[in-house]
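The first chain written gets the first letter, and so on, giving A, B, C, D, E and F; residue counts start at 1 in each chain.
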């Protein structure tokens, strides 16, 4: 029996914390799909192509990880692809409250046996979020070490061109 | 001595969780006023008339519940109507932090003996919020069971006409 | 229709925070029963008689408050006396998690329409607990202002005699 | 590649909440080992044999679930058996804080790629813990619906004989 | 050795809670700089000059407190001025989660030995935030006691002129 | 003006997390007193002399840190020695709730201007507590990296002799 898992997000950009979750999840499932969200309400810093390109590059060492994009309701995408699990990283209490709500809503919407499972974020990365990284980087702060190298290059170039 | 309570909110739309709180509160007070907020900063999906109509329909089996609308400061409305209590549903820790702040601010603003009281949301409904229900419904997800039947009908029609 | 509420605890001893909750609840119900727990697992500092005596003295200005003791399961006591509500004070997030568990368990055990309702502890008293007050007092710390005057007298005498 | 998971605990007794986690986890792994803790510091109500017997009976419909007992350090047991994952149920914020500490400590102690993964407890069962169930049952409260049928029978008999 | 601390914020307007933190911090450091944030993303109610003027007036009794404004990244400002510490007030759990993230990010960005330190907000002021005060005041609610006298005067005048 | 701070605890044994707090605090104050608690209710693994000896050894590189022991009420000790501040490390939400209660109680008991200040525990050490380290070590788990070298030696010898 093949077990597949989805790790979904905006990845605007993917952080070291995200990558750590993907690497750890890749040992537990036959395949991991990183699902890049197409149409989130907030305007992203990076285009969908840029976000997918970065995720592909920084996960290329993981043979059972593939990158896709999806729009609309996460549960529809899950139901269509019949993932065994949806993976979420947990960083903090506030995350936890939100995540428990989403997990319970999705549990109603999943038509199969898909489970939402949670991995604790490595404490080293627990203070990183894409939005905080972008905020700091856009004010000229050094975010080296918080992003995979290739993501850092793209973000740095993007922010330089913006000015 | 007559004891009256206010249960206030945007009710855009009223959920099963809200209705559960109203039903439970109706046993404890001589009358419950469901106060529908007129001018909240966010643009609601439903008009004030629609929201009031739905609340009225789905609470019509509760003889001591009446529906009103109000604008401005909740405390002004409370002070004018001399409610014995303001009822709030508690779902989660994050709710709790916000609610304790509002309760303490209102305690300063209430001129009478009005108390803010909290009922724990039924765990079955603890993951529902009007905004999550709207988000899921607008993406085509099935929200049956999360809204009272009449609310579901109105929302479904509204979202269909929108497209 | 008469509405009655139970406020239960060990009251070893009753604190200003407890008394504040009782005073505020007394405006909302026809009668409040302060239920002093007989057989809690921990050995109390004060005897049941002392605890009941103190509660009676410090609530004597509230005409609709009576003091009783009870043992065994709270829900059995509630079901027998048919209280309309069980009142709980909420101080902090950790309280909240425990309280939500107890409220949901009791909801299963209550045979009537009894509801658990929560009042936020006055922030002035939010750091007081009977056990912290006893710990500080037993080490000679000044707990004036944290206990009603009569409770302070009894505790002070008790701790002096102990040495 | 075979993926195995451990779900460990005292199971004194196993609750419906525990069983729900086991059932959901059984879809995600090739095999689930329910590890019953031998020597926990608190004296259990049920003997190790009783606890294992109950777990075996109530999971007998799940073909890929086996029951074992273990003592000492969980990480030693995990390292020896090379489980792919350790499964934990999450009920509430306070759980979460404790669990994140244990997960991070275990992450240091695991010698292989074992991951701690979390499943959200079904809200219907989120207020149940073995200790609360035992406390209520020992005071004569009705805990039907909170325990699997066979566990309820054993506990009821045990508590009756105790008196 | 001279020890200096920064207390930064929008101060739109400074509240009694803020002032309480400044007064308490002023005993622990040789000098406190109140750093008023220039360009926050949200449009403030008060201009930078108004906010700085109010902070200066209400801290004029504290001889080792000075007021400055700054823009851009807090860490850049801290690194340039070589503050010994950055002071933050903690009000509630949700605050705490956010603050721990910011403290850990800043710890990476600080080039010297600057530490982020936290003082617990006085419980009397724990429900006050600038935004809640503004919301209540703009709806005509009485916020006397929540703001220093001079801040209240400016806000009241500003809101009156707005209409 | 000389500013002194107290960092108090059982230190049974001192962990890397504790030492990290002491090192960071030592930059902010003229002197840090590490106060080792004499008579805590739980029986410690290490004697008072062992605990003080370890703390002295592992802080010997910090010229402005001294080690003392104290019994009774922390506030009495603080009032007698007139510390400018009491330093506490914050690890998690549950800590936070407890700490805010103690800080507010102590604020009443401090006769001078002593403030309780909090430093966030380094995320790398946020899952360590003395009791968890002892539990793991006593079951034979490897706690290297969680304790300063000398503390690890003493604990290891102590636990070996115990068997």
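Convention: a contact is a pair of C-beta atoms (placed from the backbone, for glycine too) under 8 Å apart; a residue touches a chain by one contact, two chains touch by 3 or more.
No experiment lies behind these values; they were computed from the predicted model shown.
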Touching both subunit B and subunit D (chains): A, C
Chains in simultaneous contact with subunit A and subunit D: B, F
Pair exhibiting more inter-chain C-beta contacts, C-E or A-E: A-E
Centroid-based (C-alpha) most distant chain relative to subunit B: F
Classification of the subunit A:subunit B interface as same or different, half of numbers criterion: different
Identity of the chain that, by mean CA position, is farthest from subunit C: A
Intercentroid distance (Cα basis), subunit F paired with subunit D, Å: 34
Separation of subunit B from subunit F, taking each centre as the mean of its C-alpha atoms, in whole Å: 48
Inter-chain centre distance, subunit E versus subunit F - centres from mean C-alpha coordinates, in Å: 31
Where subunit F touches two or more other chains, by residue: 93-94, 97, 100, 103-104, 123, 126-127
Interchain contacts (touch definition) - all pairs: A-B, A-D, A-E, A-F, B-C, B-D, B-E, C-D, C-E, C-F, D-F, E-F
Residue ranges of subunit E in contact with subunit B within the complex: 92-94, 126-129, 132, 136, 139-142, 145-146
Subunit E-touching residues of subunit F, taken from the complex the two chains share: 1, 3, 24-25, 27-28, 30, 84-85, 90, 93, 96-97, 99-100, 103-104, 113, 115-120, 123
Interface residues, subunit A side, partner subunit B - complex: 72-73, 75-76, 93-94, 97-98, 100-105, 108-109
List of subunit A residues in touch with subunit F within their complex: 93, 123-124, 126-127
